[in-house]
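Shared between the two complexes below is chain A, which pairs with chain B and chain C, respectively.
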Partner chain A sequence: MSPEKQPATSRYGSNAGQPLTRRDGILKVTGRATYAADNHPEGLLYAVMAVSRIARGRVRSMNVDAAKAHSGVVEVLTPANRPPLFHDPHEKMPPFGFRVEVLQDDSVRYGNQPIALVIAETLEAATEGAALLDPQYDTEPARVGREAGIRFDPPAVSIGGPPKTAHGDVEAGFSNAAITVEAEVETPPQYHNAMEPHAVVAEWDGNRVVLDMPNQALALSCASYAAFFGIPVDNVTIRSPFLGGGFGSKAILNGPQILAILAARMLNRPVKLALTRAQMYGPVGHRGQTWQKIRIGMESDGTLTALHHRSLSATSAFDDFLEPAANASLPLYASPAILVEHEGIRLDTGTPGPMRAPGEASGSAALEVAIDEAAQACGMDPLAFRLKNYAETEPATGKPFSSKALRTCYEEGATRFGWSRRPRAAGQMRDENGLLVGWGMGTAVFGCPHFPAEARATLRADGTALVETGAADMGQGAWTALAQIAAEALGLDPDQVEFHSGLSTLPDAGIAGGSGHTASAGLALNQAGGDAIAQLSDLAVNDPASRLFGAGNIGLTARNGRLYRRDDESRSESYAEILARSGRSDVVGTAKSNRDPTVATDHALYSHGAVFAEVKIDPDLGQIRTTRLVGAFAAGRIINPRLVQSQYFGGMIWGISFALHEEAITDKRTGRIMNADLAEYHVPVNADVPPLEAILVPEDDAIVNPIGVKGVGEIGITGTVGAIANAVWHATGSRIRKFPIRIEDVLSAR
Partner chain B sequence: MNRFDFIRPASLAEAVTAAAVPGSVYLAGGTNLLDLMKIGVTRPERVIDISRLPGLDRIDWLPDGGVRIGALVRNADLAYDTRFAATYPAIAEALLSGASAQLRNAATVGGNLLQRTRCAYFQDTAGACNRRELGSGCDALHGENRLHAVLGWTEQCIATHPSDFCVPLAALGAVVEIEGVEGRKDIPIENLHSLPDATSAQESALLPGDLISGLRLPPEAAAFAGNARYMKLRERASYAFAVVSAAAMLDMDGDTIRAARLALGAVAAKPWRAHTAEAALIGQRPTREAFEKAATAALTDARPSGDNAFKITLAHRILVRALTLAHEGTPKVMPALPASPFPEQHLPAPKGDLHVA
Partner chain C sequence: MPFSISLTVNGQPNSIALDDPRVTLLDLLRERLHLTGTKKGCDRGQCGACTVLLDGRRINACLTLAASLDGSTVTTIEGLADGAELHAVQAAFIACDGLQCGYCTPGQIMSAVGLLSEGHAGDDPERVRELMSGNICRCGAYQGITQAVLEAGHVLSQKTGVPDTGVQENGRNAA
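The block that comes next holds the complex of A and B.
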């Protein structure tokens, strides 16, 4: 059942701007939403990946015979028999290419690297087959941590970004500074840990393949798979109606999924592969470790004279993705001189990749701590300090912001939180139980990328519409918010819009990433709807039998399934009437949309926010709890405030996680991750999450794109981490610059 | 899949006979065993399913004032048994601080006593672990060991016993009832778990085939109902094992401590009863100073096994906190977050030295 078949749920209005409940909500809570691994085509085989237990070396041998002899095992893919691919897996495929591990040789470059794929009639047989392989290794010492890694100057950070950006004369800025602070901040490797594991069900029919898989970038992925398998792009169909979370890890092609598709072709039977939780700690990306150093120069009144942010960002031994953490210092605080730079360090780890707020999350964590230290050093309130250095134009470029309601975010958040009652010095507040209380804040910021997208809107004879675009719903609510945008463009109630999405044969909706999906796919839907309405208007105004005949120059308005004369709303006609008289069964509007490129060259485009945190700390035991969290965010036009609030909450909870819980723990001798499961890799439980408040600050933006939508998917993490760390300082007087903050750090730091 | 025999015995005697064959394991709630089978730590040849054995799921109040708990009583059922929780509040609090609601609904009393360590190197079959394979070494010793043992460890093994439930049981002197090949026997819980030993990977005093059929609390255990707490320190508020934990119980005679029971959790390969600390409290007034002295006595032999000296400090403080709160009195209502040192609404201000800021 598709979401649009669901009965109308409670809501207050009709379309964009209204807090509709999720169209797919009932399907999900009743278990009828079909995720990739829920598919069981006839003749299905099960694949299980064998992964390396060392982090560096080579596989000397595997007992393939034992695995194949196990009852039910059909085939074992190893480097010795892996069928050829049509694209070199070491060759990165633009625009978001990564090197993938698809059994191209016997080398091992990180723990949990795929080293074989066992295919069997049952999951149990494949699992045991994989266990029977009993690989033997020639092991080399793993390179773990800052001392052991190989440093390098990167040609790029993130996806093709410049590794260094300079504005003004930083050295002059520091020599003119009355006060200089320096902070070194360390962030750990983190793993996406989407609830739904990476999975694929691949079924070939000749040289056509249908893939059920969670996917954040349908069209791009189709092109990549087509290249790997040497088939036309139209021969690849990806069905991805729902994702159980993605957070960036399902936008990038990965080796295990390619191998499963290859196995299905080799065996001429459908094959399913679902990674285990532990196997998600390696071949499907993570947030890379960073060691950051920030120097801030100020005049004695707190005016910045220089800002230098340097990040040592970890990557794998064989690929280049680097967390662009230092770039977090580019858009926020006004400084006459800013220098951000990155250095790479190669470790024997899986390749990191984009993870919710890549660069910004880690970089903002460090920057907001450093800014707090700077405010402290010149004896200023942290909010006053931030306002003192408020950037009226983008600091590093001088470009005007397309919109920036950050000042209002500060005001509304601070008022709601009660920030003005905060004592300046640390260690001043206790609650009635004697717990230390601290208040901290951080600024949130995230850019507004825009991806090309296409959509189709069909107005049907009965006056309803079919709207189609291959968008990705990762849980953020695309099924609902995008349908709202389409309904608004078509002048219909969302219940009259049948919305098709999550399928690669539909028009390309671009990437669900970079917090740009609603804006990108939404613009295409807006324009496709507008195209359909324009065509319908043409039919009406040129039809002498229509009450709207001749109104072409005056213009029509589409609302509630009718077209109205703009100058005389008493004259209107329903879509169905217009279509019926024209003898057409439908009108099909299409759009290929992108943002005008000059918008981004002439303007700085960001969502903004401010986060205020209260922590309480047991002074004897060092136990920390976040007890209040208030965020105020301005992100352009809000399509669905209910969903947007959830996105902010999700980001803020991730901020708690980053600050106090999350960390992949790597054994320094072996390079193996020692907590690759959800019992030991901690993310917050409900009891760790205080009552949250997310204030939606109104912001009109007529520049960022024609629908005025910015992004909300990632910004919630960015200010929150620093706000919590700063609250810990305010409670204790201890500056802890290593995340996550642990009990022993609180007890020992000063 | 890995083939094994699955045996569902009809009686205790059948179970014991079946399990006496080498390569056998008992299955009750399965909350620990099944995980270990999935990750390859345990590959049994015979799984003896005792979950349907009759008569082991009862709580029986004994004429002498004690209680007998059947081995198949579920953790949640025991914790929510009104009379049990009122009589042994620290045990109920410990039970409810463990795992998640779903796990507590499935896990059994007998299985909890025998749950395996959460040491990452025990669970990771790629590394060396003397518990998994005697003589292979201990990768935890110079590895990631911030949560490992500070008492009773050797270079053989620095793992801890993860149970919350066992900590107040040890404090109260519970007796474990065993059905074995040679009949019934009782083992005091303090003797159930083995400390690491270079000559043996044996984790408990059980012999092949031995089945825990239940456990008893002695009559005197009920004397502590009015002043009993379990405190569990951890970074995540729920669904996390303890960094350190402590059960503290006082039997007050006016303003004098008539008897005290103390045990530490997550500090050793067994629940660690602190006899000398208990003795130090007898006849004392319940002052901060007395509690500090007792905590010092409990940790005289503590030493870090790695990157975990902070646990000794915390063990001391959690003992003092547990004693302080026990003296305040057992809460009338089970706290929403059982065993959390973090107050919901009211906690007395920490007195004495403050260790932060």
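The block that comes next holds the complex of A and C.
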């Protein structure tokens, strides 16, 4: 196989829907895909951040002289000499702005906060220089944990979301309930830990700057950097061809990148900053801790009468992102009364932010455990209980779903897993080695946001196309799936489409987040392609020399690089012929797309799924292994089943991680995270992951957006966490409501 | 005090002037030789993104001081394909979708090449999972990775009777 040309998998029918391999596969397996820190402009300087070793107080002194005296060190940026910025870092920049730490003063508000930036000729010198700073602190006690935090009623959760939503009368619902269950569930702080640490290479030319950085929101970021540096937005160029994972952490502007860009301007040389792994546990966001309470009221046959979900969501001492965990109870189970509420708690931690399925992951974990307890309380099979309370319309609003193939997901997942053989009671199964075996399930759900996006599609004289949009490929496969959508719109083979992406000077593809990128950028590509074909059609039908002349009212179809008369397919012309005859070198189609806003006001828009898990637990040692995981998901039209399956697998593995592995542990005495590294902050390794199955349940959705695409990137976490926790109960009879579930929890619960 | 080491990288002998004894093999490759295919994920030997073959054996380049490598042979991801022809492991990673963001991929592939040439895995997925567990993939491409290693092992052993990865113990490319 040649690295230059990768044969597409054989395909039938349209380009979208085919399991093509990744277009960037060759680059990625040969080491030629360039990530931000791989760049080395001429004259490059290296920056290394010094971060606080306390979680609250102030930096009394640093030995800047010692650092500067070290051979190779060029400059040390501290609050004393940091050049001015043109935007107040305490002012949040809408819509996704967060307060940032950019050496504005000597205060320390969390562990690992940037306190200085050392810039040197080599990475080694900058690293040593940062170590020589030897900061001294005035330390104040860190506020760690639920008891020490400061509680408040938040004006909003997540990004501007309502903190409280009520439907019906929950108190009346509980009064009418024959059975009521309550579950308190705790979820830990989690850190994105993309394999690629946050990095930037900044190079100024006058008052223009080029930034190599992984970025999930190019246009928004350009505007933010322009504001911080007091330059026109067009003077900021961001190159982000590949992200080494994002998971939400690379959509938000952070302080470290601003400092490196500032240093490059100050020193008039390009500067590279790559965070150390430890430094990613602080200034670049995380999933905030939650303490959730769920109360479920039901009739004796399991019919829900009330659902009350409260989340105490942690944030930093100085900013307001709150995990909207309780909202997970709004879209899923039919109940005449639902109340979701959020309370905030301030801790001395870096500000949380969106992390893969923000709110949905934590909230689903709690809800699915509580639903399992509810099923147990009324003596029902957990699947039967969920079907009993299946929502035909969105529970909290009564809106119809644009599509919802969840019943099929339940059926296909359950059949594949063998759910019908599950004993109702816990502690009934052992394997041939005497391990406890448990089976659990959870429902998966995730919304379908849509962002404004733009694209350009140029049909060229040779009949091929150039397609451009500033999309972000962070592993989900945007290069491939978006090119397939464009190829389909243009009636071309994907190999005939040159796809340019990952650059802020291209048309804005919106945000790569919320599982909405394929739908949002895809719609823009679909419309830009349609515009190009319409222009080409006009050329043909108005040209008396064309075999398609006068077919304007009949209409044309575009396929395989040719336009065909709809009523007579024997009459056709290639794109190249039409362009050549018209004397045009190309036609350029453009689109600025968004979803019709009435779609979301009139409909409930969600992907759905069902996840079934098997765990095995050593009865003596308490060791828990996920041994089987089957998910069935319905997410509208699937553009590339191979890549979508990988997205589901990735999400399900994040579910395993949430359930059994991940937790940042904060030292109560110092407020510092004790396991800020990949050895002690556990994420699954290959041996932790059992054989996975993801069933792609067909679902047509003509409403959600004109291309029928829903999101697949985050839904896999939801459902999976609860399924594993419920399987642990089924194996042991112990309800463990604190994540991650640990060996000691299993042993002490016996 | 500057000193030099001789280091064969992807078949090319080099005399490398080192002005700093603190330089790791990883930073030498990335920042001085601009062979950036090898990735830095943790700089602590915990994630495996920087896995390369040193004299045919898998190592974490971040834990290895360049100054200690005089006379050694290093194979990185850039040295794996034979011209335009992908190595069987590289091709299998694409076919099995054993990658997503691609950042851990060079390390995964070098680990896979190493373990196949050591003949440890055979066709047992459990052993592959265990032996590949020094390489973290945060995207969660493990199922494809495991499948890719098994398939590549199969392809390589069909070619030669043994899973010859093209990299011998002395690190020279067999071709």
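The rule is short, and it goes like this: the second predicted complex is superposed on the first by the 735 of 750 C-alpha atoms of A that agree within 3 Å, B and C clash if a C-alpha of one lies under 4 Å from a C-alpha of the other, contacts with A are read in each partner's own complex, and residues count from 1 in each chain.
Convention: contacts are C-beta pairs under 8 Å (C-beta built on N, C-alpha and C of every residue); 3 or more make two chains touch, one makes a residue touch a chain.
All of these numbers come straight from a predicted model, not from anything done at the bench.
Of the two partner chains, chain B is the only one touched by A:744; chain C is not.
By the touch criterion defined above, A:434 lies against chain B but remains apart from chain C after alignment on the C-alpha atoms of chain A. Contacts of A:426 after superposition: chain B is touched, whereas chain C is not reached. By the touch criterion stated above, A:684 is placed in contact with chain B and with chain C alike.
The partner of chain A that touches more of its residues, comparing chain B with chain C, is C. Within the superposed three-chain model, A:38 lies in touch with chain C and out of touch with chain B [touch as defined at top]. In the superposition on chain A, A:178 contacts neither chain B nor chain C.
Of the two partner chains placed by superposition, only chain C is touched by A:242; chain B is not. When the shared chain is aligned, chain C comes close enough to touch A:474, but chain B does not. In the superposition on chain A, A:670 contacts chain B only, with no contact to chain C. The residues of chain A shared by its contacts with chain B and with chain C are 122, 124-125, 127-128, 679, 684-688. Within the complex formed with chain A, the residues of chain B that make contact are 1-2, 39-40, 118, 120-121, 124-127, 139, 142-144, 146, 233-240, 243, 310, 313-314, 317-318, 320-321, 337, 341-343, 346-350, 354-357. Residues 53-54, 122, 124-125, 127-128, 131, 278, 426-427, 430, 432-436, 616-625, 660-661, 665, 667-670, 672, 674-675, 679-680, 682, 684-688, 731-734, 740, 742-744, 746-748 of chain A touch chain B in their complex.
On the chain A side of its complex with chain C, the touching residues are 1-4, 6, 21-22, 24-35, 37-38, 40, 46, 122-125, 127-128, 193-197, 242-247, 274, 276-277, 473-477, 642-643, 645-647, 649-654, 677-679, 683-689, 691-692. By the touch criterion stated above, chain C contacts chain A in their complex at residues 20, 22-23, 27, 30-31, 34-44, 46-47, 49, 76-78, 80-81, 84-86, 90-91, 93-95, 97, 99-106, 109, 125, 128-130, 132-146.
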